[in-house]
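Here it is, the structure, as structure tokens.
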Amino acid sequence: MQISEEKVGSVLVISVSGRVEMFTSPRLKETILSHINKGEYHLLFDLSELDYISSPGLGVLLYTAKTLQDKKGKMILCSLKAHIHEVFKICGFEKVLPIYKTREEALKVFK
Amino acid sequence: MQISEEKVGSVLVISVSGRVEMFTSPRLKETILSHINKGEYHLLFDLSELDYISSPGLGVLLYTAKTLQDKKGKMILCSLKAHIHEVFKICGFEKVLPIYKTREEALKVFK
Amino acid sequence: MSAKKILTLKSRFEEIKKLNRFLKEFFKYHSLDTRNKLAIQLSLEEIFNNIVMYGYQGEKQHEIVFHFENKNNVVTISIEDDGISFNPLTRAGPEITTPLQDRQVGGLGIHLVRSQMDHLSYQRKNNKNILTIKKNVK
Amino acid sequence: MSAKKILTLKSRFEEIKKLNRFLKEFFKYHSLDTRNKLAIQLSLEEIFNNIVMYGYQGEKQHEIVFHFENKNNVVTISIEDDGISFNPLTRAGPEITTPLQDRQVGGLGIHLVRSQMDHLSYQRKNNKNILTIKKNVK
């Protein structure tokens, strides 16, 4: 798993690539929470390079979404590979997390 | 939490005293499982000196009961203080774990 | 007799020790009996551990504030945290009547709180969970 | 084409690495596509982690045995463990349609397995849980 961040206007774009599972998801959680604790409440997750995610990783995303909802922030996902999108659908994430095809479309939503 | 063991015929009597909570329950679990792994499938828990138990400790007892049921063993509790008995009732343990007033009565059941 | 006390803990499991020391004093001062002591202590431990585990998912620097009051033989405790929103009153209870074979290990914490307290209320206010529990100690 | 393989892991989370190495070979040999690979790998990870976590509650010296077979474009995997009895087929699914506010974090593992596999069966035999999962990989 690699994580990289980039600020685009008021939005923090977090790109997560590789594999998010039991051993890597704690680092993802810490990274995300440290941004939220610094006041970043507009998060866009660019998942174009995400190859694999299992339930600990899904838990981190759900927890992040809940935390940001509490803080009246916004969280959006974009650019999911088809097989990852499938997993998100199975978990009912589409109902609670907006998912966009491209980074451009997603960024517009924060405007 | 103190744990002490005593063999009475084919029965291993495990006396647990003091407080069983998040920090002490892992030690209780390890002790119990090491006995089961050595082939002790008839366990009597003497809880006459048990003052306090919270959900991690209740989890250990339930897990032990399940393990012994799988192995066709037997697990019985005895001599609970009234306020501890209350907690066990609330958790529905009476339905899955035989509870006896005295050690003598309980030992008879293994015969 | 009325008495108000406040206790603030960090979101770490070890802090339960401070809670226990505090309760020891509180119980002594108000001369509560064994049954009430156990009910209150157990409920607070379950609530606290859940907040640390699920509410903060291991984040250790948050604060959890307990307000204690004993008035007309009712102990009222409110617990405030800024973890993710969680209303324990809306949860379904665990399956406590299932046979052992099919019974899940765990899921007892909130049930223990609800069963042992005489009254619970919850609100989300200023980004905080505020859970108030009451125990009749007459 | 048919091929049978057996993999045995200890009941420790780290052993997942061996499973992943094994699967890499297996997937390559049978040239499965991305979708099927993910479905199988994810299901096995969820099942394995659950066995270690709940079935053995941290006991590390037990063995979990995986039997793999690929026959007529159906991958069949059976997973055997001697942890506490647990039949994942009888569990209610998680609440995946609840609003975010009330949604629980977690509880997705078994649901992921059931949704991604084409067939599941369970039996308890000789003190063992035997879970068999099938995936149509045509």
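Just so it is clear, A, B, C and D label the chains in written order, and each chain counts residues from 1 on its own.
Assume a residue touches a chain if its C-beta (ideal position, glycine included) is under 8 Å from a C-beta of that chain, and two chains touch if they have at least 3 such contacts.
This one's a predicted model, so the numbers in the text were calculated from it and none came from an experiment.
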Task: Smallest count of steps, each to a touching chain, taking subunit A to subunit D - done: 1
- [ ] Enumerate, in label order, the chains that touch subunit B and subunit D alike.
- [x] C
Open item on the list: Need the most distant chain from subunit D, centre defined as the mean of C-alpha atoms.
Closed with: C
Open item on the list: Per the definition at the top, count C-beta pairs in contact and tell me whether A-C or B-C has more.
Closed with: B-C
Open item on the list: From the mean C-alpha coordinate of subunit C to that of subunit D, what's the distance rounded to whole Å?
Closed with: 37
Task: Length of the line joining the C-alpha centres of subunit A and subunit B, rounded to whole Å - done: 45
Open item on the list: What's the distance between the Cα centroids of subunit A and subunit C, rounded to whole Å?
Closed with: 32
Task: Chain centre separation in whole Å, for subunit C relative to subunit B (CA means) - done: 26
TODO: Going through subunit A residue by residue, note those that touch at least 2 other chains and give them in order.
DONE: 63, 66, 69
TODO: Scan subunit C for residues touching two or more other chains and write them down.
DONE: 57, 84-85, 101, 105
TODO: Draw the chains as points, connect those that touch, then say whether the picture is a line, ring, star, complete or other.
DONE: other
TODO: Chain pairs that touch, all of them, please.
DONE: A-C, A-D, B-C, B-D, C-D
Open item on the list: Residue numbers of subunit A touching subunit C in their complex, please.
Closed with: 26, 29, 33, 63, 66-67, 69-71
TODO: Using the touch definition up top, name the residues of subunit C that touch subunit B in the complex.
DONE: 13, 16, 34-35, 38, 41-42, 45-46, 49, 96-97, 99-101, 103, 105-106, 108-109, 111-112, 115-116
Open item on the list: For a test of understanding, state which residues of subunit D touch subunit B in their complex under the given definition.
Closed with: 57-59, 84-85, 127
Open item on the list: Touching residues of subunit B toward subunit C in the complex: what are they?
Closed with: 21-23, 52, 54-55, 58-59, 62-63, 65-66, 69, 81-84, 86-87, 90-92, 95-96
Open item on the list: Under the definition above, what is the set of subunit C residues touching subunit D in their complex?
Closed with: 54, 57, 84-85, 87, 90, 101-102, 105
